[in-house]
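Take this structure first; my questions come after.
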Amino acid sequence: MTITRREFSASVLAAAAAGTMPGAARAAEGGKTIALMFDAFDSDFWITGNTILKAKAKENGWTTLETISNRDQNKQNDQVKAMVERKVDGIIFIPTDNNAAIPAIRTANAANIPIIFFNRPPAPNDNKYVAIQADNRKIMQTTVTILVDLARKQGGKYKACLLMGDLGDNNAVQRRDGALDILDKNKDLVEIVSRVATEWNADKTFAGLTNAIQANPDINMLISPSDSEDTIIEQVLKTAGKWHKTGEDGHVMFAGFDGDQNGYRLLSTKYMDVNGVQNLFYEVDLAYGAFKDIWAGKQPDKMLIDPGFAISQATLESKRDDMWGYHVWKEKNK
Amino acid sequence: MGGVLPASSGGALSRPMRLVRLVLFSDYLVLALTVLYVAALWFAVPEIISPTNLNDIFLQVLPLFVAAMGLMMVLLVAQIDLSATSIMAMSCVVGASIMTSQGGYLAGHALAPVAAVLAIVAIGLLIGVLNGVCTIVFDIPSFLVTLVTMMFFSGAAIWYTAAHTNSGSSIGALPSSFLAIGYGGIAGIPYAALITVGLAIIVHLMLTRTVFGRWVRAVGLNPSAAAISGVPVKRVVIGCFALSGLFAAFAAVIYTARLEAGTPILGQRILLDVIGAAVIGGVSLFGGKGSVIGVLIGVLFLSAVDNGLQLLGLSLSSVYAIKGGVILLAAVVDAIRHHLLARG
Amino acid sequence: MSDLLLKVAGLNKSFFGVQVLRDVGLELRRGTVLGLVGENGSGKSTTMNILGGVLTKDSGRVELAGEEVQPASSRDALALGIAFIHQELSLFPNLSVEENIFLDHFPKRGAGIPFIDRRRLRDQASKALELVDLKVSPTTPVMRLPQGERQLIEIAKALTRQARLIIFDEPTTSLTARETERLFEIIGRLRAQGISVIYISHILQDVMRLSDDIAVLRDGEVVGAGRREDFTVERLVTLMVGRSIDRLFPEREPSQGPGGAALSVRGLSQPGVVRDVSFELRRGEVLGVSGLMGSGRSELARILFGLDPYSEGEVRVAGERLPPLKPRLAMDRGVAFLTEDRRGEGLMMEASIADNIVLPSLVERSRGFIRWLDPAGLDQAARDMAERVRVNARAIDTAAARTLSGGNQQKVVIAKWLLRAPSIFILDEPTRGIDVGAKYEVYKIINTMVAGGAAILFISSEIEELIGMADRIMVMGRGEIRGFFERASFDRETLMSAALWQ
């Protein structure tokens, strides 16, 4: 986690500046202040999410405060108390542990600050909160269905490797289940020869996938629960001589998830067949819409669902504008 | 606790220099830095001294203080315990699995929380003894032993949690009688505070007024001389590791009640905070020096730094730089102080 | 060119407002040895540290070969040709001999090229080793060498720096007899080469043997200086201590003579350490244990106290068997053990004097299951004991042990055991590295204990000391007992030959 000197000086100056105009300046702004409380920036999804959240907040004329818990739920619960001290008007909350995040809800409730769980809902509880969630299971089902259809059209039998993320993360569990839902129905076509729990960790992904291919050299289908793993997958498959485009001999059927810039790149260069996309823009809109509702006195639903979508090589051009990774890729490759 | 070194040094010092020396050599230097830090931050975030915020800092301090006291015991005999946080993780998930209302072993039973707490404490004690025996009896450096137990029990905690929940990363739904430890209290004093203060008093008395306490210091300062003077060195060291494990478990009880869940990654991030707080608080890594008050001051300092940075809500990357810088500053000041003291 | 290498005049130095050197003056001629004697705290170390650049003087004049010098660091001093060989050698055990000798001035491959010229290093190191007559390979790691050879390497180091003056501070405390002889030989050679030596030692016989001139310091002043011929050991002692000591050893009160056996050892053996050791130590007697280094005396002491195991034989205290490896049990039966390494095994240097004194006695002075202590009571006991052994320090409960002089430190270790009123006291080199005045006090303490019925096992490498203090002497060699000698037949030569007998 690098920090540029400019960022550092800027933040020190910001602190100093904020100090010289306590209270008054903030009150004069008139806009709302919201807290963006992250757990870790371990994938492009969260980095881009942060950018989009901040950008849209600015559009609304709101100021943002940020915290990061570094995957320590206890610390994040303490950070909520700090945000309450700062009297924020709303909290966007990305927890590490869905059970241990419940005390944070209570803290926010006690201070009457709306708290919105972004992309990771808490364990069911009776406190007041809103959760934005992508229907991971459904999106993965759609994605794998398309993958299986493409495979069936190609013909032949398939040995698949299923990467599974961090099974402590509900999202990872949902995606795994979604994939299994479809694969279980297509046992005649696809046999799952390997399951790798990557724990969202690059080294584990690398090691796990390498071992899987060593144990089963004829793996020809790969389902990944996150595009953050794409570069590693590319590395491993290249080393194993299995990195081929669709239509080429030895192509490994490849399904990704998230919809980040790598997903887009691989789709457009025909290495990846289909990608399950969480509609990040839509999720942010849902969240901020919920804020506005609550501030206006209305009570939105507890669970706001992002249905997401699957994008394949065939639908690349038509659907890519909704794919957040495409925009990141576009910026980079102007 | 010693006071202040006389400011004379065979040469005349100007008044302000003498004052600087006075502060520099004081055992309460870190406390002074803490106050300075809070004062500096007050300009940016006046909320830092609001009663609710001070209460928040106070509550954050308690379990960290307990864990740091346990670690102090091991540092006093010139060893180290890297597994303290894994002990927390292992013990809390086992405890949670006993009392959780979602299929716990004693779910719904009135005494489930009691049994759970006993289990947590027992596990802390056992792992502590394991650490001690491996270090002393098999003569393996404690760094290595506790690194191994840290990894082993960290993994074991995750496995245990996965085996006891079908999709979860933690064991929740704990009975409210247990959760009261985190939130409840008597006459306005939180239970967590009572537990912590009680433990602190016990440790302080043990170190200053019992034979064991003196033995611990002796072993830390010079184990050969201690052995020749009849100190049962092996038993003392094992005892210190046991205490470290025990106190990690007590801290886990408080954390678990606060989080309302047994999580296998409890405390994962705070190992450096625990050790750092002890060292900043004057506990020597080489053994023989340390006190309960010192640890408290170290913990206060770290918690204040953390809290201040949280309140500022700065862009995330700068938080690390600032916290690291502040801790480094404290450590450097301490080192300079030692250097000057040694020179006389 | 004058004959005078070093002239010091009017040297003054104060610390914390306390004057430690008062108008000190010395003269050292080229190619001679100046013996410097004085008690701990007399100012010897301070004077030498000023010469060696470690401390700066407050006033005075130091002239080297006629020119005034003011070395501000040890590097400066080295550049001037002053080499200071301390009691604790400054070698790096993990490096080789040649690396140690040339550590700060490795021969390089060329000007400005930062690579060591290994071949030249080897050559020059070999030549340096020849100068001190040391036959080891320059690549040997220093940690493999015994203390005596390490010291020679320090000398070689000094010689490669073209030292004109070499200062030796207590060089023989950790040397065997043979190594000591070799050192004296080398010093003789240095003299012949025109190098001057300042020799600081408590072993007055050695000083008398080596020196051309002698200077005596007491309380920061030079109280006597002149040619060696003008001095005798007795006169040196008188000057050092400031009062005449008729004997070096105090009178023993006439006692009833030794009583029954306090400690009896039969057939004690431990392979490679001791073999078939049998003796009796009686109450009210001092049994001296003599022998060369490596004869197994300290090892025997450790076995008796229970720190090391033994495979055969038995040890009985007051008639009852003492099982091996139980120091706590030995202590409970009244055995005390003063080790030869007070810094490493005798004291906790960073702890206060009081803490050190009470450590072995804590359990007996505690109450209850929790073993509760009474700090005030402990402090009082420590204070009383410190007074009894005349430890010279102001704040017993806050001053750290490391701030004391060697003699006072040793007295603290003795105090710590005295507090337990032991009936059997094993002393291993109790007066090593402490000055004459402190030695006398230690002897008096021992005599008092003996008069009170204690049994003392006195291990020492100074035969004169044993002759002066012991009732009987047991000579050991190679882990075995070579012989017993009664007082009547105490004789230096006989004892030496018994120890040397192959």
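Every chain is named by a letter (A, B and C) in the order it is written, and numbering of its residues begins at 1.
In this text, a residue touches a chain if its C-beta (ideal position, glycine included) is under 8 Å from a C-beta of that chain, and two chains touch if they have at least 3 such contacts.
None of these values were measured; they are calculated from a predicted model.
The set of chains in contact with chain A as well as chain B is empty.
Farthest chain from chain C, judged by C-alpha centroids: A. Chain A and chain B have Cα centroids separated by 35 Å. Per-chain CA centroids place chain B at a distance of 44 Å from chain C.
The mean-CA centres of chain A and chain C are about 72 angstrom from one another, to the nearest whole unit. Under the contact definition stated at the top, not a single residue of chain C touches 2 or more other chains. Contacts from chain B toward chain A in the complex involve residues 43-47, 50, 52-53, 56, 60, 158, 162, 167-173, 182, 255, 258-261, 263-270, 306-307, 310-322.
Considering their complex, residues 2, 8-10, 208-212, 214-215, 217-218, 221-222, 224-232, 288-289, 344 of chain B touch chain C.
Contact residues on chain C toward chain B in their complex (touch as defined above): 14-17, 305, 307, 327-328, 331, 337, 339, 344-351, 355, 358-360, 362-363, 366, 370-373, 375, 398, 416.
In the complex of the two chains, the chain A residues touching chain B come out as 1-3, 7-8, 10-12, 14-16, 18-20, 22-23, 35, 38, 41, 65-68, 70-75, 77-79, 81-87, 96-100, 102-103, 123, 166-170, 173.
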